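So, here's a batch of structures to check.
Shared between the two complexes below is subunit A, which pairs with subunit B and subunit C, respectively.
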Partner chain A sequence: MLSTVPVFIFVALFVFFLLRITPGDPAIMIAGDQASSAQIETIREQLGLNRPLLDQLLAWAGQLLRGDLGRSVFSDIPVTRLIGQRLEPTAMLALVAIVLAIAIALPLGTLAAVRAGGVADRIVMAFAVLGFSSPVFVIAFLLVYLFALTLGWFPTQGYVPLSQGVLACLHSLILPGVALALLYASLLARVTRASLLEVLSEDYIRTANAKGLTPARITIRHALSNAAVPIVTVIGIGMAALLGGVVVTETVFNIPGLGRLATDAIQRRDYPVVQGLILVFSSVYVVINLLVDLSYVLFDPRVRY
Partner chain B sequence: MKRSLGMIVAAALAVAAVPASAQTTLKVRPFGDLKTIDPMTTSDYMVRNHGYMIYDTLFAQDDKGAIKPQMVQSFTTTPDGLTWTFVLRDNLKFHDGAAVTAADVVASLKRWGQLDGLGQQLTAHTAALEAVDARTVKLTLKDRWGLVLEALGKPSSMVPFIMPERIAKTPTNEAIKDPIGSGPFMMKRDEWSPGSKVVYVKAPTYLPRQEPPSGLAGGKVANVDRVEWTIIPDQQTALNALQAGEIDIFEEVPPDMMPLLKGNAKVGVTRFAALQAVLRFNQAIPPFNNAKLRQAILHLVDQEQMVRAYVDDPAFYTNCPSFYMCDSPYFTDAGWPKPDVARAKQLVKESGYDGSPIALLDATESILHSQTLLVAQAMRDIGLKVDHQAMDWPTLSTRRASKNPVAQGGWSAFMSGPAAPDMYEPVGHLALRSNCEKAWFGWPCDEAIEKLRADFTMIPDLEGRKANARAVQLRAIETVPYVPAGQLYLVRGYRKDLTGLLSAGVPVYWSVGRGK
Partner chain C sequence: MQQPVLSVERLNVSVQTADGWCPIVSDLSIEVAASETLCLVGESGCGKSLTALAIMRLLPRGARIDSGRILLGGADLAALDEPALRDRRGRDLAMIFQEPMTSLNPVMTIGEQITEGVQRHERVSSAAARTRALELFNRVRIPDPQRRLAAYPHQLSGGMRQRVMIAMALACRPKLLLADEPTTALDVTIQAQILEMMAELRAEIGTAVVFITHDLGVVAEIADRVAVLYAGKIVEQTDVVSLFDNSCHPYTRGLMRSIPRLSRQAGGAVVDRLTEIKGMVPAPTAVPTGCAFSPRCASATEQCAVEPFAEPLAPSHLVACWHPETAGLAAIPGGAR
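== the complex of A and B ==
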């Protein structure tokens, strides 16, 4: 865990300086189109943006050490609250997408491996290539056109929070979840197939066959569990990427998640929000990678930490 | 069978998704996002619109451009025009239940008077602004300044909204934090999620005027319990939501999307606000510090061609050969040159243009992007060396503040679209101001225009002011602080079961309700 500290420090410094060299600053965005240079300078002073960079960096570092990510320079709302408001939609979308992706990809990937070279394998792999190469926004708009605008089964956009009911929440997430899941399902199906193919050629599978075990038992009990390490790794990376904000899906379906928050904050040059978000995103990556590493113990007894 | 199963699942989830509440909610997709809540520290139009939701004003502009009393019950002025007395309507209350008093008005106007351009002029001409009693405000001028009512009824950024004294006393270098007003709606700050949603509820304390609504004046009756501004960044998503009835109003439907709505009987489109397309020059550096070259561009720009780059439907644009909006009482086409490419080329020659690059900044997400491309090509066609630079609006906003030479990150021209109320008359006009460093980006500098603008404020009668506005235009045709590239109308998409929609120049949501 201690080895992650330099990662955080590097990320924090990198983001801090990258934002400062990007053209534009929050004072200009706050002041509006008609503001004079003098008005912009007044706001810049008010926000402390005219102070030396080192002073600004030290002030931010001091806040961080106190566990304070600061406040949005626009809304004056604490960054932690802004992130908190957006965490649920992104987490729920990620969960729905990952569950759907696993539900689609594991059976299909397994089928393709077991029937390697056959018609089923070719169909599954064609699906995987199509799913992986279709842009999410294209799939999203097709889903909206068919299931929301034409059939009227689902809303075209928006997110219903969990506090208004689990079913209502799921209803708002089905279309974005499917749009996103297809991408990950394609990747996961290919990884599942490749891992299983490798395992299915191992000696112990031949032994299991010789012992007269059923093909289903061999595949599920012996092959899948031994092929799990790369599959779990891909699921973990996918989960981390989703929690890091899925900007396109959140934009097309108007889901007020972390991806949208990040995009808005970058466009406005809302420094505290961008800095806070990047730190949160890197924490998510570190934690999920750690969990993935730890999970290897469950699937492979040879792994020791 | 599969389709039936899908329908059943979707229906079950949909039933679960229906909110139990019976209150009437108006769902609006505004054109932007609310970034901050202090309407005095920014000219941002979304903050202005937020201000109209929660605050009220002493005076307001009606749909004919006349200034009408709003919070004021009566007012008088002495024959010399130096002393103005305003009496507030009885029983005006802020959202926290406190009475609106003359002290609140004085504090609000003093803060606005330090921050707004027109407010600063009023302050400069003011000898005293005081509360006589709880409902009476007295304004004593140093001289007969003629724009008192126009200033107090200023319709666009920055609007002299009235807020509680304790809030209005916030130093001008700090933003207010408490959105308490006395307007028809109250902001639900706890439900504000920047970038996602802004919620307003009907203010039970609000006492509307008895007159019917007209422009920004008249009775501001809230006909819905709740207004939700749903921030939808993607325009196609917003269009889908409008068609599906998930939102009631889509502000600023892009013109190229209007045909997609034509087949939907439940959705209508209407124009709701106007803007002037402005091609602004940087006069601080070459080559547009040369008046002849600016005159060349004035002769070059063909408004008909420019406006049709925005929309090919005359209902949504107007050729307006003037620096003022066509519906302004000060509109004049005096001296306006017809588009003439040959004359433009001649003026380029007379300017002695040396072929130095013209950095034309283009915010590609702006509705004026296509017009900027047209301008770039038209300039090239008359022999100008145009360096068309595509960027986002925040970058353009930073670049345009620079007075550096083009080679060092400076700029020569950009396009913007100020709202109609900011382009009505010489004094409040954003782009005609020619007071050098204090002027809008581009910093035009002309003593004659500034003298005329100062004179305008001292002229008591409309005819005299019209003559002044005409003189300003004639002079501006020589100095060319900018080139108007046509008048465009912003389009509102709406569900047809709505009633009471207003086209006030500013998107406002009092009077709007649902048909029975």
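== the complex of A and C ==
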């Protein structure tokens, strides 16, 4: 938990040096091969690349502390504003995907564990392998083909902002949400099954059976609560993994989120935006890990901080 | 003997091994009356725990009941389906397990672990269930019970956890209590306290107790009757007095001789371990035909290649041996063969 601060510092340094230690002149790299020397010089000025390294580092640190991530080389808009504009679609997409994944994976993983070795277990695990090994864009295209083009239940692409109504927004996110959730749900279902199986063979489960408790109470109250720590850990790790999937999903479904911003910024070599995005994504990652660690207190009375 | 509470008839249990199902418990028959304690004794691996788990119908995966009847309160537990068993477990019969450290759920308060059992079987409010738990904690002498209800298992010592297990098992005043080496993991003083407390509670509730142990000292303290198990068979079954005074089976006598005795000498007490039984307990897959004890038995003859059956040497003293050592029984009319 105390590692949070050093991790932030490390990420900030990493982002700073990423540009500076790349071989060749970063200004030329950002401006592109066809740029005139005047353009290159402007970029160098803008990013302060012509100043001594230590000056640059201090300036960068000062900026960060003020919450300033610089300006886009491409549009000259502040990076924080660009990111702020794109935050909602991504946050909503991730939220929908996580909720869907948990809603799919927890019951199915539990079913597989309780019926371990049986037909239900095999079917669930087969789907888990399938979901885990299918690329997000393949799942996305299949979903679009079936539910958007053939059945017409959902739009093929696009995002309806929250301001136009929660339901409309959710409706526009169902297909991308499912596409993104499946991979994550596969992982989560497997972990749920594995942790639950381990717990179900514990002595205290036998004690619970000796009391005559019902299978539902034993599974939910006695077993799942003991399997919660590994499951929550994977939910946390999965959220981080989700960020990668977000980029692909947003591109396929044409959702104007952070993922799209990232692809665009990389294509345009808009370095300040890329830096800002890395910082934001790593912050999210660090915060999620912190929350996961803290949540252990809720699930295991033996954990104390 | 009065009408038995539990009557097990020719119970056979086997476990799955690499070469198929292997019998572990063979034709085991026992009866226990209300307020009576029957001790099941025998060396490690002879099938004591599996017998108790079979009676609870809680055998682990890879173990099964092949045949036999388990009569409790007019029903044959061996023939009941899972929902019917769930209605009885915890209410009619309860079990205390060998491992006090792992038998409680680490993420639930011990209060909840007691009240959930009460509320499963009786229509009582949660307040009433709590009151019951407090009463039970007082009975099993858990200090500061009010606070302990909210404690988690890791906050308790082994002795306290076993007291909790006992309270949990007795919560619905079961007709039958199966106690699988409940004190083996505890140190001697605590063991004595717990045995004494269990004896009290048994008398008070009128529960029939099957008490598993391999410690003859514990047997002397708590048993009314004793069944000695060797390789999954009862070789001798009798009341506790005649077990210690005139056991007849060569195996039982070997066990008696291997109790460490204190031989008093001028300088003080010296532990003097007398004759151990020679040889090893056979693996379940390699039990000799005929009398299973024959490779280790000094009295063995050719006759012992045929399996001996349990015969009464005296009223309610069963021995399965061709050559029982009946010296102490000669005086009893009709006792010796």
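Convention: the second predicted complex is superposed on the first by the 257 of 305 C-alpha atoms of A that agree within 3 Å, B and C clash if a C-alpha of one lies under 4 Å from a C-alpha of the other, contacts with A are read in each partner's own complex, and residues count from 1 in each chain.
Going forward, a residue touches a chain if its C-beta (ideal position, glycine included) is under 8 Å from a C-beta of that chain, and two chains touch if they have at least 3 such contacts.
Note that the structure is a prediction, hence the values are computed from the model and not measured.
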item	value
Touching partner for A:D264 - first (subunit B), second (subunit C), both, neither	first
Partner chain in contact with A:N50 - subunit B first, subunit C second, else both or neither	neither
Partner touching more residues of subunit A, whether subunit B or subunit C	B
Subunit B versus subunit C as contact partner of A:T207, first or second or both or neither	second
Contacts of A:I28 with subunit B and subunit C, given as first, second, both or neither	first
Intersection of subunit A interface sets (partners subunit B, subunit C)	none
Subunit C-touching residues of subunit A, taken from the complex the two chains share	202-204, 206-214, 217, 221-222, 225-226, 228, 299-302
Interface residues, subunit B side, partner subunit A - complex	6-7, 10-14, 16-19, 33, 35-37, 41-45, 47, 115, 157, 173-175, 177, 192-197, 230-234, 236-238, 240-241, 243-244, 246, 391-392, 394-395, 397-399, 401, 416, 418, 422, 430, 437-441
Residue ranges of subunit C in contact with subunit A within the complex	56, 58, 85-91, 94-95, 97, 99, 102-108, 116-117, 120-121, 152, 154, 165, 168-169
Subunit B contact footprint on subunit A (complex, rising order)	23-25, 28-40, 42-43, 45-46, 72, 74-77, 82, 85-86, 141, 144, 147-149, 151-158, 160, 164-165, 167-168, 170-172, 174, 251-254, 256, 260-261, 263-264, 267-269
